[in-house]
Structures are given as C-alpha cells and as structure tokens.
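To start, I am sharing the structure in question, which I have written as structure tokens.
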Amino acid sequence: MTDHDTTVETGETGDDGGRARRGVVERSVEAVTTRTGTSTWLTTTLRKVFPTHFSFLWGELALYSFVILLLTGTYLTFFFEGSQEELIYAGDYEPLRGQEVSAAFDSVMRISFETKGGLLIRQMHHWAALVFVGAVAIHMARVYFTGAFRRPRDLNWVIGVALLVLALAAGFTGYSLPDDLLSGTGLRITHAIILSIPFVGERLTYLIFGGDWPGTDIVGRLYPVHILLIPGLIIVLLTVHLALVWHQKHTQFRGPGRTQSNVVGERVWPAFALKSIGLFFLVAAVITAMGALFDINAVWLYGPYDVAEATSYAQPDWYIGFLEGSLRLFPPWETRIGGFMINNIVYSGIVVPTLIFGGLFAVPWIERRLTGDHADHHLADRPRDAPNRTGIGAASITAVTVLFLGGSQDVIAGTLNVSVGRVNTALQILFLVGPPVAFWLTRRSCLALLDRPGPERTERRAPIERLADGGYRVPLEVEDWMDAGGAAPGHFDRIAEEHTVRGTKQAHTHSENARRET
Amino acid sequence: MTDRPVNTRAHRAAVASFVVAIVGGIVAAWGYWSDETEVWLGVGLAASSGGIGLGLVAWAKYLDLDEHVAQRRAPLRTTPAEREEFHTELARSRATVGRRPLLAALLGGSLASLAVGFVGPIGSLGPRPRGERDATAWAAGRRLVTADGEPIAVDSEGFDQLATVFPEGGIGRDDSQVVLLRVIPGLLTERTVARGTVEGWVAYSKICTHAGCSVGLFGVDSRPPETIRQLVCPCHQSVFDPVDSARPVGGPATRSLPQLAIGSDDEGFLVALDDFDRPVGPVAWDEA
Amino acid sequence: MSRLGRLLHSPVLVAVALVGALAGGVALAVADAGAAPAQDGSDGPLLELGSELYATQCSNCHGVSGGGVEGRGPTLRTEGTAATDFVLRTGRMPLASPEMQAQAGPVRYSEEEILALVAFVDTLGDGPAIPDVDPASGDVARGGELYRLNCAACHVASGAGAPIGGGRQAPNLLDSTPTEVGEAILIGPGAMPVFGALDADDIDSIAAYIETLDEENTAGTSSFGGAGPVAEGLAAWLLALVPLIALTRWIGRPKAGRDRPVVEELDPLDEAVADRRTEPSADVAPVRSEGSS
C-alpha cells in the first residue's frame, strides 16, 4: 500500500495547487474510467515501464515531427488552393507581377508574402518534413543495428518500412504542390519513369496525369493524396506500430538485472511522460527555429513551372536524393528487344529503388535465413554483438550514401571546382568498391571490439581491494550477469565457433553472452 | 519520495526554462505585429516551446524521477494448447457454417465482378492515348519563333548563339520546344548537315531523351586551348554533342536529341522543313 | 593725303595686310588642327598608356598587333570594347595561364588603365561596343521570365552559379553590375554562348531582375548561398537532426543500461494487478489457458 501512497504523493507534487485542483483532475479522470471499466487499465498504464536508452527516443523524434507536420499542414490547407487554373499574379512580390501562374503557385505566394506568419508556418512545415524523414531513417538504423527487428517485432519492422515509403510519398507530393519550376521538373522526371514501364507505362501516365504531359490535373490530384490519403494511411499504420510497441514492450540492452523476461526502465508516469512531452516541445522548438531563421524552397526564385525552362542545382528534397543519384550515376545502358525498349530509367528509376526497398522489407527474413535463428528476442544487441549484420548494414548505408552523393554531384563539382564527369566516375567507382570495403572494415571493428574484455570486467561496483601483503581481492560479480536472457541457443556460439582461432578468450566472452541468454 | 526538489540547481534550471518560455510567448505575440514577422514570431515561438521542453525534462531528470524499475514481460508466443483452442474453435464454426464450395465460388465470382465494375470509373481518370506522341506542332514551312513570337533571321549576328524557339502558332507547347544554336558551319558533321541546317544554324528538340527536362545548358568555348561545345541537361548532366546530331557523349542519356530539319524561307527567316522524325523526349517502351 | 593715308593706300601695306590675314587664317587653321591633335592628345596619352600596357601585359598571349598567339591567346581584332571592358572589370584578365578558365577575381587595373586598354583594343579592330544598360527602364517581371528561360539553366534560379560540364563553371551573378550582365549577354564570355536573340530592352529587364536577386527578397532569413535542396538537406541534418540527437542523449541514458543496478524487486502492485486480471484485454500478463473459459 506504501507504493500506492507514493503514486498519490507524486500526483500531489505534480499539480501545483491545493486539494481543490487535484480533486477536479482526479474526479474527471475517474468519471471516464468508471463508465468504461478501465480504472485498473489506467493504473497499469501509468505504471508501465519503458527502457531508457537515448537511442530509443529517435522513434519519438519522428512521431513528434509528424505531429508538427499535421498541425502546420492543417493551417496551410486553409490557404492553399490545389488547382492548376491559370491566373495573373498580382501580389506583393514585384518580380513576378503580371506573370501567368497557376492558382496553386499564387496561393503559395500569398501565404509567403501576404499572410502574416504564413511564411513561417510554411517553412516550418517544409523543415519538419526534412527532419521527419531523417528521424525515421536514424530510428530504422537503430532498430536494425540492435537486432530489434527480429521476432516478434518483424511484423512491426514491415509496418515501419511501409511508413518510411509513405513518408517519402508524402514529401514528394507535398513539395510538388506549389507547381514551381523545381518541383515541376521533378514531376516531369516522374512522368518519364512511369512512361518507361513496359506494357502499361503510357496508359498509366494518361490515367495519373489526366492526359499528355503536362496536363491541367496533376496538382489538383496530388493535393487530396497529400492531405488525406497519405496522412490517413500514416496515422493508421502509426497507430498499429505504436500499439505493437506498447503491447510487445520495447527491447532493452543487456545489463544487470535485465533479462529476456522483464523490462527495466522508468514508469510512464511521471518520468517517461514528462521527458516525452518535453521532447515534443523541444522538437517543436528546433523546427520552429529552423522555419524562422532559414529559407527553404523559395518558390518565388524558381518561378511558376514552364515547360521550356530549366534550372541547375535541380535536386529534389534530400530524402529523394537516392533516386536522383541512381538516375545520375547509372551508366547509359538500355536494352532493346526487337521493337521494344527497356529504357535506361527503368533500371535507374524502377529497378534500383525496388531493390532498395525490397531489401529493407526483407531484412527479418534475410536475418533468419542467414543465422537460422527463429527465437523471440527481447534483448537488444550492441552492434558489435552481430558483426555480420552490422557489416551488411554498414555496406548498405555506404551504397545508399554514395547514391545520395550522386544526387548532388553537380553541387559537389561546383564546390570543389572539379568537372562533373570526374565526380561521376569517382562516385561510380565508390559505389562498387565502397560497400565491400565498408563491410570488411565494420566487421573487423566489431570483432576487435568484442575481443575487448566485456563490461563485467571493466565496470565494477565494488572496488578491487589491495591486500596488505600486496595481493588483490577481486569481488566476484559475475553472477549479477547470469540471469540475463535472450538469444537463441547457439546464436553466439556460432560466432564463437567462427572465431575460436583467435583464442579461448574470444570464445569465453561469447559463451558468457550465451550463458547470459537463458 | 519527498515533495521538495532534491536538486536545487536543476530546480533553478526548470524555473529559468519556464520563465524563458513565458517571455518567448510574449515575444511571439509582439513579433507577429512587427515588420519582420517571420523571424520574431518564429524565434518567440521557438523560445517558448524550447523553454517548456527544457523545463519539463529538467523537472523529470533532476527531481529524483530517474528510476530503474523492473516489470515482468509476458511471453508473446502462444502455447500449443492455445493454438489448439483456436483451431478447435474454427473447426466448430466451420462445422456450423458448413462447407459449401458452390456458394464460396459464387461469392468469389461476385466480388471479382464487382471489382471489374470499378474499372470504368478508374479509366475516367484519363483519356486513352490517341497518338499524341507521334507528332508535335512542327510542320514544313513553320517559322521558328522566340517565346515572344519573333522570327529568327538567318543573317543574325555572331556565332555560338543559343535561343529557345517554338513553331509559329504553337508557342508554349511542351512537345515542340526547340533549342536553336548557331555554330561555325565547318564544325557541323555531315550527317547533321544532311538532316537540315542553314549556315551554321542547327535545331534540336529541347526535351532531354533521358527523363524529359529542358536541355538549357549550352557550354561553348571555341577559344584555344580548350574548345568545348556541349549541350548539357541540368537535371542529370546528360551531355549531347551539338555539332554531331546531338548524340549523347556523357551522362545517362542513351539516345540523341531529335534534330529539327531547318531551312530558310523567302524572307530570310528560319523555317522548319518537317516535323521530327521520331518521338521527342523520353520514349515509351514500344518506341525503340 | 597725309603720310598715314599714303601708307594705308600703299600696295605694300595691302600686300602685308593680305599676307597678314592669310597668315592669321593659316595660323588659326593650324591652331585648330593643333587643337584636334590636342584632343587626340588627351586621347593620345590614353592610347599611349593603353599601348604601353598592352605591350607589356597582353601582347605575350594576344600578339603584338592583337592577332593572337597560337596556343596562348585568341585574336583581339574581333573583340570590341564590350569584351575588353568585361574581362578587365571582372578581373578575368590578365589570365595567369592559358589553360585556366578565366574566372572573376580581383581587378588588377585602375580605372584609368582600364579605359586606356579599352581604347587601345578599340583601335585593333571591330566588335560589340559597351552596351548602355539601364535597369530602371527594364521590366523586372519580364526579366525574370527571360532569366528563367535563358539563364537559370547555367546560373541557377537564385543566381548562385553552377558547373556546366567540361570543367567550366557558370559564375555567381549576385555581384555583377548591370553593365557586366549586358556585356556578357552580348559577347558570350568563356563557355557562355552569345544570346543574339535578346535585344537591348531584354538586357535592361534581365539586369533589373538580377538586381532583385541580389536583394534580400525574403523575410530576412538566410538561404544557404542559393544552392537549393542539397544545402537545405545538409542544414536539416546538421542544424536540426544532430542537435535533436544530442538532446536525446541528454534526456535518455547514454550507457546501454549497464550503469546502475536494479533498485527494486518486481513491484508488488504489478504482481497484484497481474494476478487479479483474467480478461484477455489486459496487456501486461497474458491469459494462460488453465485460467480461462
């Protein structure tokens, strides 16, 4: 009962008022729980434990950026007009006055120059999108490198990759809405990629664009996709994603007292909730500061999309850079079969992204195939604990990074004052050579780090005693580690087998891991 | 657990953060009405959110809310007994509903038929292609005009020029955009000249054959020692050789820009002799 | 007749007067001619300076009489004043080595020297003259249209400049004067083509538009040098994501749970709650088969 009192006391210090205020809050909550029979559920929820490693917060970065996107986006929908209807710009920005622009472009100009605070919200929205996809990427990397995608969370991994694809789609449709030269060029490229699809390409472009390029429909169609269809799907999948994390409980790193069958960390209320809500405000603060201080996507400089115009430094938003790099770096190959053509952009625009995302979706099954491990895992690996997995991850990141660099190859060439062709060749070579080198280097580093004495040998809670006769007494703490659980039997033994050549010390460390994982 | 903060420094940090947040909100409100709205409104809002965030975290971190609590994790795998229950339940219901292959097949058929019914409305999203890709607005005798409608005289001054032109009467049509160059006549290859050039004037479709961007980048430097003459597309850096039928010489493009055959008319202006001999821009899969 | 009168009527006097008038006229004429050379003389020093400078600074690559030197520099006989003015005022000339791309840089000549060289090159041959660019009489909106149609592909929509292949760079336009813009359009310096389709009005408009690019026509915020989405992506990572990751490190635990021992046993309240529950809706403990239905 003492613990129950503690909860009450926490409530008391949490509110800064007298009994009257506390009573109201507590009574309102009780009003709901009595009518739904959820009082115990609520108590359990407040006491639910979450592990506290800082990398576990990166998913929340993504979640909160998404919330900012929803809030700023909703505000923008009150001003944006999703139509390609032509009108003459007559607004505040002088260099475009008298120009023929679409209603969409005109509304974005009005938001930026005539609505007080509009430009801030618009820039916040765009910066939030860049941060959102970045947060999803580092969250995905964390899940991968700690092996948290293994059973039973492989289901959640698939949902997560689907969320990534939806995030990219949301970004692409979003920045195409202002109908400016830069995003119009991007749509042109998308049109070409769809056109190249065998059998159905041309018909598909006519269906999507409402006719031949450029047509007058595409912006109007992207608008409901961007504000309704994609956010709706994201919200549904995100809810399932979070519900699964909630129900399956978060993974945790190995440590004293942490086993396969418990969760050690802090409770939802008050610790986790306060920090989480605080993180939301901090994400909001960073995004607001970015929106206030830095230009992004200055559509007035690009002007309205016009079919014969072009600009250099024509890149999409950063997260589409891998596709841009694929299009730029892929050698000029095409396949002619009789009267039919598999275009160059089929390879660079369809095959390469399919391989990337197919690989991402298949990660849990590839892991199962390569390790033969079908057990449930609730303990997170340190990256070094799975050298092959980490190596493959490093190689994949290297390959994708080279693609991102390829997407900005003209900016790189311009900044370094070298020819674009030379940058191209260097990146193409790097794409082939980089990943194997990265794999090998990473794997070696992991193995070398594993060789080091483990924490049970370096982190002591009780000091080593020096005895009067010059000897040492080492307190035995190994048993603290013995009740950790997790890996399938044989998992670490397999690694130990591979490396017994390096000596018994190596095998010893790994079988200690294995012993820990009952 | 006491009700006094255990860490005064952290308590001060939390207090300071919340005070900053309050000030930030006021700055935001004032900033909205200032001349530089975006900056001051934004900075105010950022300071306000940041203050709240820092305050909450400081509150949590330092007011003795760091805790390590253990909670049981229930196994998520189902036991064989549970699975057996599920299958038994299914079997029971199947026995009740009964196996009716005919009904099931008909249900499947009706659903498929319903789906087929929707093909029509989906088709309304866009018309059928009607050979729009087979022809542009160019035809024999059409003058080359700038975006303002001015024709180009054959004897305009100077070489190494660049202009974006359209057919007269078809200004602004995407598929008819043409890049018009003038180079020193002796540099043009035979097959380029054979296709149709006039005193060093040569015209190509401006739509890149890689992914459709406008090839607006004409780099030309005929002064020694390094002579370059290239049409570059700014999207993916495909490079075309303007003196040799715009064939691709670099980058990912695989086919040359279609050349527009040009001549001069009686009044000394440039005219097209014919439409392009193949579809412009990136091609569909059946246009090898 | 008085002595003076006889003198005034003497033929000698008439002759002297005539000769005097003639001499005066000739003297005046000579004086005028001398004045013209005196004007040439004010050009004269300029041309002299120009010729001197040319001989010492330029003839090495461009030839003693401007005919060009194989492998070093092109002929100047078709250049004209616009080209000369452009390369001198933007610091492109003198070029350290013929292999380099001429790029804008520090101006090496004083105003007088530039005028001198321009005047001298003018005497070598014919070419486009320095245009009279008046941005005030140009139409900014039209200039923007023309800029995006003709210039943005190489110079970027923001005027930042970009590489254009062959190792060449289209330069940043934000520091260019209207005259330089006009000269460049006329002569096509370096790898830039000549834009013969643009007339004087077009040039005025484009110059006016480029001037607006130079201004802070945003809400006073920074734009990363106009390099577009690549710079923005880099900024998102370095200025937003990295600080956010640092913040999570501050909020959460850096060490992977190894830092402190577990303080409490499994909470008795958790146990009590777990035992009490029999509905499958509970999310802490699953229902074991022996308890249900």
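Each chain carries a letter (A, B and C) given by its place in the written order, and its residues are counted from 1.
The definition used in the following text is that a contact is a pair of C-beta atoms (placed from the backbone, for glycine too) under 8 Å apart; a residue touches a chain by one contact, two chains touch by 3 or more.
Predicted model, so just to flag it, every value in this text is computed and none were measured.
Asks: In terms of CA centres, which chain lies closest to the overall middle?
Replies: That would be B.
Asks: Give the chain pair, either A-B or B-C, that is connected by more C-beta contacts.
Replies: A-B
Asks: With centres defined as the mean C-alpha position, give me the chain A-chain C separation in Å.
Replies: Averaging C-alpha atoms per chain gives centres 41 Å apart.
Asks: Need the CA-centroid distance for the pair chain B / chain C, whole Å please.
Replies: Taking the average C-alpha coordinate of chain B and of chain C, the gap between them is 30 Å.
Asks: State, to the nearest whole Å, the distance from the C-alpha centre of chain A to the C-alpha centre of chain B.
Replies: Each chain's C-alpha centroid was found; their separation is 21 Å.
Asks: For chain A, which residues are shared contacts with two or more other chains?
Replies: Answer for chain A, listing residues that touch two or more other chains: 47-48, 119-120, 123, 257, 262, 264, 275, 278-279, 282-283, 286, 292-293, 308-314, 410, 420-421.
Asks: Can you list the residues of chain B that touch 2 or more other chains?
Replies: Each of 37-39, 57, 61, 67-72, 75-76, 147, 164, 214, 216-217, 234, 237, 250 in chain B touches at least two other chains.
Asks: Which chain C residues sit where two or more other chains touch them?
Replies: Within chain C, residues 145, 149, 152-154, 162, 164-166, 219, 221, 250-251, 260-262, 266-267, 270, 284 contact more than one other chain.
Asks: Please name which positions on chain A make contact with chain B in the complex.
Replies: Touching chain B: residues 6, 9-10, 12-13, 47-49, 116-117, 119-120, 123-124, 152, 185, 188-189, 191-193, 195-199, 201-203, 205-214, 248-249, 257, 260-267, 270-271, 274-275, 277-286, 288-289, 291-293, 307-314, 324, 327-334, 336-346, 348-349, 376, 378, 409-410, 420-421, 424 of chain A.
Asks: Can you check the complex and tell me which residues of chain B touch chain C?
Replies: 36-39, 57, 61, 67-72, 74-76, 79, 81-82, 85, 146-147, 150, 152, 156-164, 181-182, 214, 216-221, 223-226, 228, 230, 232, 234, 237, 239, 250
Asks: Using the touch definition from the top, list the residues of chain A that touch chain C in their complex.
Replies: Answer in residue numbers: 3-4, 40-41, 43-44, 47-48, 51-58, 61, 93-99, 119-120, 123, 127, 130-131, 134-135, 138, 181-182, 246-247, 252-258, 262, 264, 275, 278-279, 282-283, 286-287, 290, 292-298, 300-303, 306, 308-319, 321, 380, 382, 407-408, 410-411, 413-414, 417-421, 455, 459, 461, 480.
Asks: Touching residues of chain C toward chain A in the complex: what are they?
Replies: Chain C reaches chain A through residues 140-141, 143-145, 148-149, 152-158, 160-167, 169-170, 209, 212-213, 217-219, 221-224, 226-237, 239-241, 243-245, 247-254, 256-262, 266-270, 273, 276-277, 281-284.
Asks: Sort out for me which residues of chain C touch chain B in the complex.
Replies: Residue positions touching the partner: 70-74, 98-99, 145, 149-150, 152-154, 162, 164-166, 168, 188, 190-197, 219-221, 250-251, 260-267, 270, 274, 284-286, 288-289, 293.
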